[in-house]
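In the two assemblies presented below, chain A is common to both, partnered first by chain B and then by chain C.
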Partner chain A sequence: MRRLVIILLAACALLALPHGLSFSQQEILVFLTINILLVSSYRLLTLTGEWSLAHVVIMGVGAYASALYSKELGVWVPVSILLGGATAALLAVLLSFPLFRMKGFYFLIGSFAAGEIIRLLWKRFRDPFGGPKGIKGIEPMPDFSIGIYDFDFFEPVSYYYLSALVVAVCLWVLWRIERSPVGLTFHAVHWQDKLAEASGVNLRAYRTLAFAIASGFAGIGGGLMAHYVGTINPNSFDVDLMVYVLTWAIVGGTGTFYGPILGCVVLTVLNEIVLRELGFEQMRPLIYGLIMILSILFLPKGLESIVQHLTTRGRGKGVEEQRAAE
Partner chain B sequence: MLSKIMKPGLTRRTFLQSSAAAAAASSLPRLAHAQNNVIRIGFLAPLTGAVAAWGKPGLDGCQIWAERVNAAGGIQLSDGAYQVEFVAYDNEYDPAKARTGATKLIREDGVSFIMMLGGDTWPGVQPVADKTGMLFSTLLPSDLSPDTTTLIAPAEVHPIYNVTGVEWLAENRPELKTAVMCAQDDALGLPSVATYLAAFEAAGIEMQDEPLLFDPATTDFAPVVTRLMSSNPDIVCLDTCYSDYVHPICEQLFQQGYQGQIISCTADFYDQIIAKTSKEFMEGFLFQFPDFDDPALNSDQVNFEDPNGFFAEFNKRYPGQWGAVSWEYASVMDLWKAAAEKAGSAEPDAVIAAMKEGGTGKHAFGDARWWGTELFGIDNALVGDWPVVAIENGKATIKEFRSIPAWYDKHGDLLVKHMKAYDQMWDQR
Partner chain C sequence: MTQFLEVDTLTMRFGGLTAVDGLSLKVRHGEIHGLIGPNGAGKTTTFNMISGFYKPTSGEVRLRGEVISGLRMHEVARRGVVRTFQHSTLFAEMTVLENALVGTHMAFRPNIFAAIAGWDREDRRGAEARAREALEFFGLHHLAGELAGELSHGHQRALGLAVAYASHPDVMLLDEPFTGMNPEETRGMMGLMRKLREDGITILIVEHDMQAIMGLCDTITCMSFGKFLAEGGPAEIRNHPAVIEAYLGGARHVA
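So, the complex of A and B:
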C-alpha cells in the first residue's frame, strides 16, 4: 500500500514537473529523460564488469535505424523507435563476437574502435546515412489526442510525457532484469567469474546478453531523440557525449540502480541550467570539470553514497526510537 | 479546456501570442526591459568547443557594435528609438542544444532576430523557425533551401566567394599550373571542395589528384601533408579548414620544406602560424578574410561603418582574438538595423520584406543583390564583391575586391557541375 502511494505521488510529481519549468528547461527535461535511459542502460552492461566506449554510438545506431525506417520505409514512428532499439540490440550481438574475445581494458579499447568504425561508416556512406551532415527532416512523432489532452509533439511538454512513459517502462524492465536470476548472474560474472564458470554459467553468453539488452534500450533512447530533434549526424554520437555518460555514471555511482540516474540529473541541471543561469556560459566546461574532480576526490563512491548515508541514518534513528519505546 | 489550449497544428500567430503571454507571465522583469525600449537580438552560436572560434569572436564584435549603435541613439523605429541588447546561447555546435537555445531566445527572452553560425545546428532549429516565423541568419548559405523562407545569409556566401581568390591567383601568378587540395570531410568542407574545383577548372589550373578528404577527428597532419606534397604541386589549397587544422597543416608544410603557393578560405590567428613557421614561409599566403585596419576598407564602396575603428577597439578589448567572424555578425546587424528602420518595425515579416526590397542590399563589402535560386533554391543570399587577401610582410593585406556574380555569370555551370558531383545542391542535401 505504502509503495503504491509513493508511486502515485512520484507519478503526479513527474506529471506536474514540466509546468513548473520555463520553455527552455522543458526542452532540457526532454533530453534529460532520454539521457536517463541511456545511462541506466549503460549501468546494466557495467554489472558484468565491462565498460564500453561504444554505448553512445550504439544509441546512434538506434537513432539512425529508427530515422531510416520511418523516412525511407514509411514505418509508423512509434514502431520505428522500437525497431531502432531492436536493430541496436542485434548489432550488439554481432559486435559481441569479436569484442568478447577481450576483457577489461582491452574490451574498452576494442569497443571504442568498433564505435569509431560505425561512425566512419555513417560518414562514408552518404546513401543512406547522409554522410557527415547526417539525416535531416526526420519524421516527427504523430500528434494525437486523448480527449482531455492534445499531444502536439513539437511542444516539449507533450514529448516529455511520451518519453517519460517510455523511459519509465524501460527502467522498470531494467530493474526487473537486475533483480531476476539473470541479473544476479550478471553480478556473478563480474565478481566471481571463475566460480560462476565452474557452476556452469556461460560467461560469454551472459556478457553478450547484457550488452544486447543495454544496447537495445540505448537504441530506443536514440530513436526518441532523433524523432524529437528531427536531425542526427555522426557528431551527435561522438566520444564527447560518451565522456558525459561515463561522468554521469562515475559521479553518480554504479553501485545502485539510482546512482547513475542521480549523476545524470545533478550534472545536467548543473551544466545546462545552473551554470547558464549564473552567466557562466563560456566557462561551463571549466567549472563542470572542476566540480567533477572535487566530487571524485570527496565522494569516491559517488552521489549515491550520500543517499545511502542519509537513509541508513534515518533507519538507524528509527530502530533506536523503536528500542527506546520498547 | 486543456485540449483547447494545446491544439495541434498551432499557427505561427497563435504560437507567438501564447509564447508572448507565457513570457509575460513568467518573466515580468524581462517585459519591463521591452517597455524600456530595448530590442533583444539572439546570438545562437558555438561559444565553447571545437567550433567556438567561429562564434565567440562574433559575439565580441556584436557587443562593440551594440555599444556604438546605442551611443548613437539606438535603432529608430516608427514608435521611437530602441536600445539594442544581445542575448547569447552557447549551442556547442549541437543541433539539440541549438533547438533548446532557439526556444529560449524566442519564447523566454523575446528576441526579434536570431543570428547563427548555421551548419550542423540549423536542422535542429528549422522546426522552431517554421513554427514561429522568427527571422534567422546563417553564415553558411548551404543551409538555405526553398523551405527556409525565414533564413537569410546576408554576410557570407560561403564558400562561393572562394572563387575570387583562385581567379586573382590565376591572373597574377600565371606560372602556377597545378594544385592539390585537402579538406575535412564534413558539411563545411565539401561544398568548399566543389567550389575550389570549379574555380581551378575555370582558371585552367590542373588538379593533380582527387581532393584529400580527412576525418574531422584527425590530429596528426604529417601523413596528409606528405601525400599532398608527393606530386610536387605549384599550389596547395587548404579549402575551408577549421583553424585547428590550418595551423598544423601549415606547420607540416613548413617542416616538410614546401615552398610553393598556399591558398585557403581562412587564416584565423595567422600571426600564430607565422610564429610557428616563418614570415618568409607565409609570404603570399592567399585567403579571403581581411583585417579591418586595412586602408582598402576605407573606400566609398564599403558599407561597414568605421572598419578601422572597429578593428582597433576589438583588438584593444580582445587582443589576438580577431578572426574571420569578428566583423560578420556585426555586419549582419548593420543590414538588420537598416531594414528595421526602413520598415519602422522589428517584426520578422516586416524586416525581411524591407531587407529584400528591390532585390538589392548593402553588404559589408559593397552593394550586392539577393541571389541563390540556382544553388540554394531561394534568393536569400546577399552576394556582391569579396576581398582577396594576401599575407605580405607578416600582415594581411587586401589585394583586390572581386565580383562573385561576375565570376558566376561566366562559370556558373562549372560550379553547379561540381556541386552536383559532391551532392551539395539544395535538392541533394
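So, the complex of A and C:
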C-alpha cells in the first residue's frame, strides 16, 4: 500500500515536472530520460563484470535500424523502435562470438574496436546509412490523442511523457531481471566465474545474455532518440558520449540499481543548470573529467554510497526508537 | 560391468613436460576415494582433467560408461560431477544463502522470461528450500544472512562444500579440502564427508594431509611423477614399499 502511494506520488511529480521548465530544459529532460535508460542498461552488462566501450554505438545501431525500418520499409514508428532494440540485441549476440573470447581489459579494448568498425561502416556506406551526413528526415512519432491529453510529438513535453513511460517500463523489466535468479547468476559470473562454471553455469551463454539484453534496451533508447531528433549521423554516437555514460556510471556507482541513474541525473542537472547559468558549458569535458577524478579519489563507491549511508543510519535510528518504545 | 567413474590411460602434456602419464583408476560408487602423491605428482592436473578444467592430451574419463573428458566444466557439472576448489573460492561479496542459491542453478534453471513475468515463484521457492537444506546439512543455516567473505576459514570451507552439495551431485571432487585447517576443523570436515558418503555421494579427494586421508578413505590411489604407483586400502598403502619410497626417498639407492 505504501509502495503504491510512493509510486503514484512519483508519477504525479514526473507528470508535473516539465511544466515548471523552459522549452530548452524540456528538451534536455527528454534526453535525460533516454540517457537514464542508456546508463541503466549499461549497468546490467557491468553486473557480469564486463565493461564495454561499444554501448553508445550499439544504441546507435538501434537508432539507425529504427530510422531505416520506418523510412525505407514504412514500419509504424512505435514498432520500428522495438525492432531497433531487437536489431541491437541481435548484433550484440553476433559480436559476442569474437568479443567474449576476451575478458576484462581486453574485452574493453575489443568492444571499442568493434564500435569504431560499426561507425566506419555507417560512414563508408552512403546507401543505406547516408555516409558521414547520416540519415535526415526520420519519421516522427505519429500524433495521437488519449481524450484528456493530445500527444503532439513536436512538443518536447509530449515526447517526454512518451519516453518517460517507455523508459519506466524498460527500467521495470531491468529491475525484475536483476532481482531474479538470472540476476544472481550474473553476479556469480562476475565474482567467481570458475566456481559459477563448476555449479553448472554456462559462462558464455550468460555473458552473451547480459550483453544482448543491455544492447537491446540501449537500442530502444537509440530509437527513441532518432525519432525525436529526426536526424542521426555517425558522430551522434561517438566516444564522447560513451565517456559521459562511463562517468555517470562511475560517479553514481554501479553497486545498486539506482546508482547510475543518480549519477546521470545529478551530473545532467549540474551540467545543464549550474554550468549553463555560470556560462561554463564549453568546459563540460574538463569539468566532467575533474568530477570523475574527484569522485574516484573521495567517493570511490559513488553517490549511491551517500544514499546508503543516510538510509541505513535512518533505519538504525528507527530500530533504536523501537527498542526505546519497548 | 561398466564402472561408475573410470579414468582410462589419461595423459596430459604441457609442451615437453608430461604431467600425467597414462594414469588409470576406478572409483566405485558410494566410496570416498583418495588421490595422493608427493608434490608435483600430477594429482591436481588429474583432478582438473576429470572436472573439465583441462582437456587431456589423450585418454578418457568415463562416468557410467559415458565419456566426459574434453567437455567444458559446466557440462561435466551437469552430468553430476561437481568440484570444489583449493583455498576458499567463494562468492565473497554475496551472502551465504546466495552462495548456496548459485549451487542450485542446475536443479532450478533460471528462465529470464518467466523471471520478468513472475511465473517462476515455484522454482524460486524450491531453489531457496534446497539452498537452506544444503546450509543445514553443513551446519551453516544460522549464518544464511552473513557475507560469505566474513565467515571463518572453517565455515568458508564448509560453505564451499554446501554450494557443491546444493546441486544434487553424484560425485564430488574435493581439491585439498583440509589445507590450512587446525586438527579440530579437520575432524569436523571429516565428519561432514562421512555424512556426504552416507547420503550416497561418491567422493574423490586430492589431499596432502595423510592423517585425514588414512582415516577417511575407503580406497587410496598413490601416484608419483605423473604415473600410477599403488592402489589399495589405507593399511595397504601405508605399508606399501613403493609409496614409502616415493615419500621418503629411496634409501636403498643411497646405500
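Everything below uses one rule, namely that the second predicted complex is superposed on the first by the 322 of 326 C-alpha atoms of A that agree within 3 Å, B and C clash if a C-alpha of one lies under 4 Å from a C-alpha of the other, contacts with A are read in each partner's own complex, and residues count from 1 in each chain.
Here is the rule we use: contacts are C-beta pairs under 8 Å (C-beta built on N, C-alpha and C of every residue); 3 or more make two chains touch, one makes a residue touch a chain.
Since this is a predicted model, take the numbers as computed values, not measurements.
Superposition of the two structures on chain A shows chain C fitting alongside chain B with no clash.
By the touch criterion stated above, A:Tyr106 is placed in contact with neither chain B nor chain C. With the two structures brought together on chain A, the opening angle seen from the C-alpha centre of chain A toward chain B and chain C is 140°, to the nearest 10. Look at A:Phe31: by the touch rule set out above, it reaches chain B but stays clear of chain C.
Touch criterion not met for A:Phe97: it reaches neither chain B nor chain C.
Judged by the touch definition given at the top, the superposed model places A:Val173 against chain C, while chain B stays out of reach.
When the shared chain is aligned, no partner comes close enough to touch A:Phe125: not chain B, not chain C. In the overlay built on the shared chain, the residue A:Leu203 is in contact with chain C alone; chain B does not reach it.
Looking at the shared chain after the overlay, A:Val182 reaches chain C, while chain B stays out of its contact range. More residues of chain A are in touch with B than with the other of chain B and chain C.
Least inter-chain distance for chain B and chain C in the combined superposition, rounded to the nearest angstrom, is 33, based on C-alpha atoms. The contact surfaces that chain B and chain C form on chain A in the two complexes do not overlap at any residue. Those residues of chain A that touch chain C in the complex are listed here as 173, 176-177, 180-182, 184-185, 187-188, 191-192, 194-203, 209, 213. Those residues of chain C whose C-beta lies close enough to touch chain A in the complex are 51, 53, 72-74, 77-78, 82-85, 89-94, 98, 101-103, 105-106, 108, 110-112, 115-116, 118, 120, 123-124, 127, 163-164, 167. Those residues of chain A that touch chain B in the shared complex are 22-24, 27-28, 31, 120, 123, 126, 131-134, 136-137, 140, 143, 145, 147-152, 154-158, 225, 229-233, 235-236, 238, 272, 276, 281-282, 284-285.
Remark: chain B residues 2-3, 6-10, 19, 22, 26-27, 47-49, 56, 88-90, 93-96, 99-101, 103-104, 107-108, 120, 123-124, 126-127, 131, 185-187, 189-190, 215-217, 423, 429 touch chain A in the complex.
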